[in-house]
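Each of the next two complexes has chain A plus one more chain, namely chain B in the first and chain C in the second.
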Partner chain A sequence: MTPTIFEQVQGIASDLFGIPAGQITRESSTESIEAWDSTQHLNLVLALEETFSIQFSPEEMEQMRSIGSTVKLVENKLQNSPR
Partner chain B sequence: MSSTPKIRDLRKEADDLIASGSAELAALRLAELWRGESGAGTAAFVVSRYEKLREQLPLARYRLAILRSFTAEPAVPLLRAAAFASGIDLTVQLGDFNAYPQEILDEQSSLYRFAPDGVILAARTADLAPDLWNQYADLSQPAVAEAVQRVSKSFEQWVGAFRKRSSAALIVHSLEQPARPSTGLLDAQSGFSDSGFSQSGAIQQINQELRMIVAAHRGVYLLDFDALVARHGRLRWHDERKWLTARMPIAADQLIHLSREWLRFAVPLAGKTAKVLVVDLDNTLWGGVIGEDGMAGIQIGAEYPGAAYQALQRALLDLSRRGILLAICSKNNLDDALEALQNHSGMLVRPAHFAAMRINWHDKALNLREIASELNVGVDALAFLDDNPMEREQVRTALPQVNVIDLPPDPLDYAATVRDVPAFQRLVLSDEDQQRTELYVAQRERSQAQQSFQSKEDFFRYLELEAEIAPLEPATLARVAQLTQKTNQFNLTTRRRTEQQIAELAARADVQVLTIRMRDRFGDHGLVGITITRDESEICEIDTFLLSCRVIGRTVETAFLAHVASSAANRGCRQLSGWFLPTKKNAPARDFYAQHGFQLQKQNAEGSFWTLDLRQQTIAMPEWIRLKINEGARV
Partner chain C sequence: MPIVIQPYRAEHEAAVQEFNLRLKAAGADPDLVFFRSAQPRWLPHVEGSDLYQEFFVALDDGVVRGGYALKQQNFSFADGSVRRIAYYHHPLSEGIVNKSYAVVGSLLLKHAMNRSPLLHCLGMGGYDRPLPKMLVRLGWAHCLVPFYFSIVRPYRFLREMQALRSSVGRRLLMDFAALSGTGWAAARAQRTWRRFRAPAIKPFTAEKIEEFSGWVDPLWQQNTSVYAMTAVRDSAALRTLYAASDHHFTRLRIRRNGNDIGWAVVGERRKDEKYGAMRVGSIVDCWASPEDALPVVRAAADVLEQSGYDLIVSNQSHYQWGRALEQCGFLQANSNFIFAASKSLAALLQPFEKNQSLLHLTRADGDGLPRNF
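Right after this comes the complex of A and B.
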């Protein structure tokens, strides 16, 4: 079964922030996840760009403040991309 | 796409194995995970798990400082994960953003306090030469020439200052060319050097100067960053948005290539090199199965599909010239395989290129063990190339120390895969490296001859052993450092040293660095042993005594020790002393001091300390060795 985009983002965030995937919800945010600092934010952006072959604009990078908003951004990008 | 079910299972398997205390198996899963999915998320996971296992695994430790003019943070976990998977526990310190000149020049800087083993200087053209990068079209020719001078001078100053303050290895990035030269097509039309520099010509000239600076210093290496960027495509390499928002100039999917390039330096520097490449035959060295398809049926030659295998054979010959021994481990009928190797017109490698062969129907792990012992190397010095994933997995499980290379499905990718293996990288090449295969073939003839003699002594006399002892010379420095880094078995203290450290020792009046060369009727062994001794108040202490494994047991070690003892006595020393520091591999040297009349003085957790009273005792020189002493001039 192919994992959903949420599950994939969850997996990446779990690796990067060092917390079990089950504890990462759409509500998890830069406020609630201690390890989500500016360095890890850049790593998250890079991991998502690499995994989904997409590119975020500087404004979009700013909007990624929670897992929910991040998943939504990825989904929008994948819908609008030609592939 | 990442996070496939299989990959997620590997994470769980690794965690379960860690929880149950199976460190080696857990490390295998982590390495497999990393090979299958080399991204930022996996890197963080792999690093965090290896950190839990570091005490239980035979990892080489290496401290690497990275001086940089850009955001390199995201490349660090990628580098560390790859290093762990290559058996290296890499501690990385990133220098402050753009602070590299101060860090190099200031002796008290965090760079030197970190006490690195190696340092990477990664500065971008845009930061070092902003005028050449951004305003080339505005510059007059004298201003261009001045910029070239200024940047070259800076490099010279930094490298020189670094060498005065540290004996660590230094890796300097070359400068990259712009993807779009500011004068467009004119850049390629305009002159180079005498008629004035084009933009790319000016950057090329700096890189040329940098090459010369690097060559003039020991332990300083060039990382051809421009070639790295070109290899992966300039336009794909850069990410202008990340540069403007996060000072990260490299695209997300290209960062892995930078970390891999860094790893290619870290692996030889940390001593994690492979000395032998053991190859399978059918469907690896040629297409098809010789026992079924026959000479006319196998694929090897200049045309497709045989060309893919010829390209791999060409890569193997290149490795052999680099001093890496080739060996065969194949499930085959010996006669069929030899017939193909000897007589097939498309074959580039021939039996004489292989230092050892196991062509039989035995288990491959068993054969690999035998090859290692025949060539006198540890199993961890072997790399293994086989098209069959089952064989690879079996070898990995049975012998986790072996560097098992994963071949991609398409044979056209085989050669590149082998060329990219970091364990085959070398940063210096000695004469011995280039002749190594011939040395081992002579060794095989020697051991065949040995069987026809009754006593060892008769065999030694027949060998007509000649040894030459000389002080360290500039020409032998690279080999001496290499031997301290690579010799594991007959090595009493296993103290690893860089060229720079050896040169510093040899310059001291109280220290003697001696080398020994050996030849016999079958050929020249080259430079095979080193001693480093230090005199202090009439006591000569042996800091280092080591001998290349291929000459152990020929009594040359006795001759060398006898010379060390007699020359110490001649200098007025009354005692010769030395430590034996045991490792997992140096058992062959354990009884060396006891066998030569030394007394055990003390023993602790680190090892045992031995002394010889030079006023009462001498060490007999073996009569079958003709010894030549070259007094030479000190370095």
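Right after this comes the complex of A and C.
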């Protein structure tokens, strides 16, 4: 079964932040994940860009304050990107 | 309001001034000041030029929260390709004094990466600084560009080199070496021994010139492919970097049997408290086939010695230029001049471990020009 976008984001975040995927929810945020600092934020954005073949602007990057908002942004990007 | 990053325009200058004042008021290092003028004083964008600077600011509802600069420059690669590479410099974020803006540093870098995927940083002052720490964590390829120095006047070096005179014991020891003459003897012996062991240099001539012209172009063309990567150093680029009107530099044309073999640019390094009151000369830039590095380095060092400098310094990434410096009596010391390449740029330099010593990077690259060489 193809993993959902949430599951893929969850996996990337788990690798980056060094916490089990099961502990990462849509509500997980820069406030609740200690390892989610500004450099890891950029690493997360770059990993998402590579995985989904999309590109984020700095303005979009700033909106990614939680896993939920990040997933939503990725979904919007994929819906709007030319196939 | 989300933070937006825009080209720095004259209408932002007042907000940049306020940004600088906020950093200063919060106790930031006095050197951490963003450019007052939106128009770069050095390398402004001129129609048709490949070598220019551009500035950007991060705006939060009209308030400047950070900024950065890019130097756009053509670089040549060993496969003969020439690509536009950007040098990312002077990133400054309000995050250094206000945690609410901690993300600004990452936003600036992301903006630069979107704009110029082939991005590099050079200099940065050592791995303990925030920017190189961030680049390492982002997985950028990186290495140190070796630093070399030659002591011309051992007495002055021993009495003035503040970076080494860091304790009472060291100061006493250095003063003893200076006053007794043992320092002079040791420095002379080391230099003489290195020069004695160096291969014999075929006779050459070095001529001071006012400006670079077309004679450098064949030298540029003949030698580009021996370097894994080098900033384009043709006559047009050199006239821009070392304009005839800039009297801080001495330009040297080096010939053998009437044929051009290379060139060098030397100059006086600006005062730095770690060097005390010493006059420090710098081999800023140079070009030749690596086989002819030795006469070029010798010519540059001789001119600086004859000009009365106490110490001569240089950064060179290519191993044969480093070897030439050592053969002229230079010693290698710890470097804080870091080269870091974005993943896209590093992909062009694979295998990086091997190619890092085949890059041609000097003090003229990165943060070296116009005055920090």
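Here, the second predicted complex is superposed on the first by the 83 of 83 C-alpha atoms of A that agree within 3 Å, B and C clash if a C-alpha of one lies under 4 Å from a C-alpha of the other, contacts with A are read in each partner's own complex, and residues count from 1 in each chain.
By definition in this document, a contact is a pair of C-beta atoms (placed from the backbone, for glycine too) under 8 Å apart; a residue touches a chain by one contact, two chains touch by 3 or more.
Every value quoted in this text rests on a predicted model; they were computed, and no experiment measured them.
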| item | value |
| --- | --- |
| Which of chain B and chain C A:55 touches, first, second, both or neither | both |
| More chain A residues in contact - chain B or chain C | B |
| Contacts of A:29 with chain B and chain C, given as first, second, both or neither | neither |
| Which of chain B and chain C A:69 touches, first, second, both or neither | neither |
| First, second, both or neither for A:11, with chain B first and chain C second | first |
| First, second, both or neither for A:46, with chain B first and chain C second | both |
| Contacts of A:37 with chain B and chain C, given as first, second, both or neither | second |
| Intersection of the chain A residues that touch chain B with those that touch chain C | 39, 42-43, 45-46, 55, 57-58, 61 |
| Partner chain A, residues of chain C touching it in the complex | 2-5, 58, 95, 102-103, 105-111, 114, 133-134, 137-139 |
| Complex interface listing, chain A residues touching chain C | 37-43, 45-46, 55-59, 61-63 |
| Chain B to chain A touching residues, read off their complex | 1-5, 8, 39-42, 44-45, 48, 71, 73-74, 77, 239, 241, 244-246, 248, 252-253, 255 |
| Chain A residues touching chain B - in the complex, by the definition given at the top | 1, 3, 7-8, 11-16, 18, 39, 42-47, 49-51, 53, 55, 57-58, 61 |
